[in-house]
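Next, two complexes with subunit A in common: one pairs it with subunit B, the other with subunit C.
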Partner chain A sequence: MTYALVDCNSFYASCERVFRPDLKDTPIVVLSNNDGCVVALSKEAKNIGIKMCEPWFKIKNSFANKGGVAFSSNYELYADISARVMQTLEHLAPRIEIYSIDEAFLDLSGVDFCTDLDQFGHECQEKVKRWTGMPVRVGIGPTKTLAKAASYGAKKYTATQGVVDLSKQERQRKLMSIMPVEEIWGVGSRLKAHLNRMGITTALDLADTDTKLIRRRFSIVLERTVMELKGYPCIGLEEHPSTKKEIVVSRTFGKKVTTLESINEAVSDYAARASEKLRREKQYCKVVSVFARTNPFRLQDQQYSNILSCKLSSPTNDTRDILHATKMLSRRVYKKGYNFIKAGVMLSDFYDKDVYQSDFFIPNSRRPKSERLMKTIDKINATGESKITFAAQGIKKPWSMQRHFQSPKYTTNWNDLLVVK
Partner chain B sequence: MVVKYLGDTSEGDFPLIEIPYFLNKVHVGWPSPADDYVERPIDLNEHLIKNTAATYFVRVSGDSMIDACIGDGAILIVDRSIEPQHKSIVVAAINGSYACKRLLMRPKVCLASENPKYPPIFIGENEELEIAGVVIAAINTY
Partner chain C sequence: MKFITQKSEIVDALQISAAVAERRQTIPILANLRIIAKNNKIEITATDLEIQIKIYAKVKEIQEEGEITVSARKMSELCRSLPDKEDLEFNLNNGKLTISSKKFHADFATISSSDFPELNVSETTNSIKISSALFQKLLSKTAFCMASQDVRYYLNGLLIEYKDSQITSVGTDGHRLALATKNLNKTDIGEEIRQILPRKAVLELSKILVQEEKEINVSFGNSYLRVQDENLDFSTKLIDAKFPDYKKVLPSGEPNKLIILKENLQSALNRASVLSNEKYRGVRFALSRNSLKLTANNPEQELAEETLEVDYKGISMEIGFNIGYILDVLNTIETDDVELNFYGEEKSCLIKEPNNDSELYVIMPMRL
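What follows is the complex of A and B.
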């Protein structure tokens, strides 16, 4: 077997650069919802001492003085560029597994004996960069865990130019001997302490440990990792993402919310989003839940958090049915006198369109023409965000997220197209 | 058959249950003779876009490309995967922002406008020319 892990370099920050050639060497940070803290940063931002998770208000002034540029997260843009990167990778390998928004495993069996793998890595980098504007690194190895380790090497050592091929055992051992054990895929900081106490500090130490001992002291999961480090593939490619089992839409409010009306409005807004996602998955749900909580970091506040669910008489994906349920639930979740900071909606217990066995004793509650109405609403809203909304979703939305520094949605909104002279 | 007497019933003990009564008409008859000939309507994306992963839309502002029939407000379809050639219309970075120009490789590399009002921009030998894609179509609306 031969696997490659293709990993985007500072993905969110790089997305912000695709349509902004002026930001080529500028330090960039991307902020969390409500512009709270740094969730992603470019190499240049790292070099001037910015760290992940730093609160924005703390670094705001010094970052601007050093010529840095900050962005609120623009998930529409990131999701679109991610899809383009994955589509490009599908041109390069017969089978790929989308591992996260910015990583994919490629199965290179068949490719490995007709091309030089190092060269393949560079071609892959070149093609993704040209087609999508995204810089990537490529790690290659006989197992997924070794491909991950190769990607670590490609990130850590600039001399590699972003491509590391670990198909030869001596190269595997050389890299693993200088790789801390907690950097291995599936190990992490929690197991680190335990392993260190056993005298295992590098990846190579772990690779040379007896698998039976690992299984006895830890788990079969870690045993598999050790096998993979030894070069025996144990973790296969997962090509087809399993269909979703639940859909959650939740957001932190832009400012604290105290009234039932505002909670209702926010929850209705999330419910409408969740229903739309449900229809995109072509599923029908039977269980609807609503949750809300106060801010645990405000120690002076009384704390409260609750989640309530209800079961519908028959599965639905009609926004009106779901709004009806969430409205009833949010009234019960809400409590007077608390400062709410977050609320959310969860849909679960999914059914395919024709699978559900209807109950003879409960009259069919599906609204007439529901499907066509929802389809029409989705179609209209697809041309630009929220053209048609339900009155319950509110109009001014004072509770909504603050995203003061958001870049245009260059690829998903006609009004946000890049303008060229 | 053995019948066992369970007692009298009255309406109060048994709430009324609504039982759905299915009375849909079943259509029987000849299918439409046109059914066999149904085709999808024409889709412009199919005609204009060859590589969806690498294709972007941008909007033009100004008249610098008017002689190439690219007017103010036109939407350009830009394919990043195409290798730019001599005379390709491209989107390129000029002083930190993207612009639409015609790429000329001969006699000297330059980005030319299609409007005599604007002089061509020559690219020095050591200058890096960043091209973000080749324009494969322009949509002007009237």
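What follows is the complex of A and C.
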């Protein structure tokens, strides 16, 4: 087997640059919802000392003085650029696994017979850059874990020009000997401490450990990682993402919310969004939950948090059924006299489209024409921002997120198209 | 309190009552058994405030009458592990209950029995005499269809109906229903009774009742049901709700009857279940003249298919079910053959032993 991991460089920041070539060497940060803290940053921003998760208000002034540019998160843009990158990668390899918004595994079986893999990596970089404007790095290896390790090498060492091929064992061992164990895919900081106590500090130390010992001390999951580091593929390519087990839509409010009306509106808005996601997954849910909480950082406030669920009589993905449930739940979750900062909706217990266990005492109450109505709404809303909303979602939405520095939705909204002067 | 007994006299009583006592109790004394030594026998009581069991056991000798409560779990576990024929002395001294034999001795912490919350079940209105085996069968034939933790709380129990000298039990979780009816020729109390026994009471009673032709007394109060014989006094609160009209659930019309050797269907379903969807456990029945094709598949695109020769003259149809529901019913059927009656692709299926209408099982289909 041969796998490649194609990973976008500073993905969110690079997305912002695609339509702003003037920012080529400018430090860029992307902020979390409500412009709270830094969630992504460019290499240049890192170089001037900005760190991930730093609160925006702390660095705001100094960052601007150093010529940096900040963006509110623009997930619509990122998702669309991601889809373009993945489509490009599908041209390069017959089987790909979209691992996250900015990473994909490619199955290179067969490719290695006709092309030099290092050269393939560079061609891949070039094509993605030319077709989408996104800079990527490519890690190649006989297992997914080694491809991940190669990608780490490509990021860490500039001399590689963003492509590392670990098909040969001596190259694998060379990189692993200088790679800290916690950088391995599947080994986090918690396992690091445990492994360090056993004298395992580098990736190579772990690769050379007896797999039986690892299974006894840890788990079969880590044993697989070790096998993969040794070059035996254990983790296959997942071309079809497994069905989601639950869908959560939650947001921090732009300002504190105290009234039931606002909580109701916000929860309804999230419920409509969650229902849309559920339909995209082609699933039907039977359990609906609503949660809300106050701000734990406001020590002067009285604190409260609650989550309540209800089981629907039959699985549904009709926004109207889900709104009916969330409205009932948010009334019970809400408490007067508290400053709410966050609320959310969770859908779970999913069923496939046509699977339904009938019940003696509950008539199958699927609404007539529900499927066609929801499909139509989704189709209209897919053309841009929510054009059809339910009245329960509110109109002014004073509680909604603050995004002061959001870039245009260049690729998904007609009104935001770039204009050539 | 001081008495001498043998392990064999007391161990079953302890074990049965310990099952009723609460393991994760809210009130500490509910994890305890009350032991009363009086009139040459001992009485062991446990309750979870919903059901209460009293068992009477023989003793060799009571040297001092008295009563106390001790941990149900620990007492039953300890007695079970003691040798069989040895004499055991129970002695309450300075708030500790000591159990001793020749070489063994254990001290138990106790709580005074004056705090023990005994259920007041004096309000009997009607009672019938019924054989223990028959009542046990009524419960065990239908209990497996009861719901557990359903929001429709009345389904988390078993309906007991008494009318015209006929006693009927019905359990349903909404997806399947089991109904068993027995005739009691001797008794007619002239009144119709419909009561819902809570799930735990049903499960405990079906374990406790012996499968013998021994007569027991079943008394119906407005809020209690009580089962008694010379060694047992079991009471349970009832679920205060209206049970759905089960008669409406029984399918009607001209059935398409299928008869098959139970064992053949059981083993075919067991094979199909290996490759069925783990969450839904669905199986498709494709019926045609003298043939039944079973199909099961899962999200991994695996498929199991099997065709069985059956006695079927009805119309061709395809209908899906939860495999588990069908297998549960087949495990309860006692005859070699089983009869499945189909009324249409979207309709429920009625399963029974051929020529026996006193035990009926209805299963709702699953759209697959």
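Keep this in mind: the second predicted complex is superposed on the first by the 414 of 421 C-alpha atoms of A that agree within 3 Å, B and C clash if a C-alpha of one lies under 4 Å from a C-alpha of the other, contacts with A are read in each partner's own complex, and residues count from 1 in each chain.
Note that a residue touches a chain if its C-beta (ideal position, glycine included) is under 8 Å from a C-beta of that chain, and two chains touch if they have at least 3 such contacts.
For clarity, every value in this text was computed on a predicted model and none was experimentally measured.
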Touched partner set for A:Q87, first subunit B, second subunit C, both or neither: first
Partner chain(s) touched by A:K336 [first = subunit B, second = subunit C, both, neither]: neither
Touching partner for A:D354 - first (subunit B), second (subunit C), both, neither: second
Subunit B or subunit C, by number of subunit A residues touched: B
Touching partner for A:K212 - first (subunit B), second (subunit C), both, neither: neither
First, second, both or neither for A:V419, with subunit B first and subunit C second: first
Touched partner set for A:K311, first subunit B, second subunit C, both or neither: second
First, second, both or neither for A:P21, with subunit B first and subunit C second: first
Overlap of the subunit B and subunit C footprints on subunit A, listed as residue numbers: 360-361
Interface residues, subunit A side, partner subunit C - complex: 243, 311, 351, 354-362
Residue ranges of subunit A in contact with subunit B within the complex: 19, 21-22, 83-85, 87-88, 91, 130-133, 360-361, 363-364, 410-411, 417-421
Complex contact set, residues of subunit B against subunit A: 17-20, 51-54, 56-62, 64, 75-76, 80-81, 91, 93, 96-100, 130, 132
Of all residues in subunit C, those that touch subunit A in their complex: 151-152, 172, 174-175, 177, 244, 249, 277, 280, 282, 299, 322, 346, 348, 362, 364-368
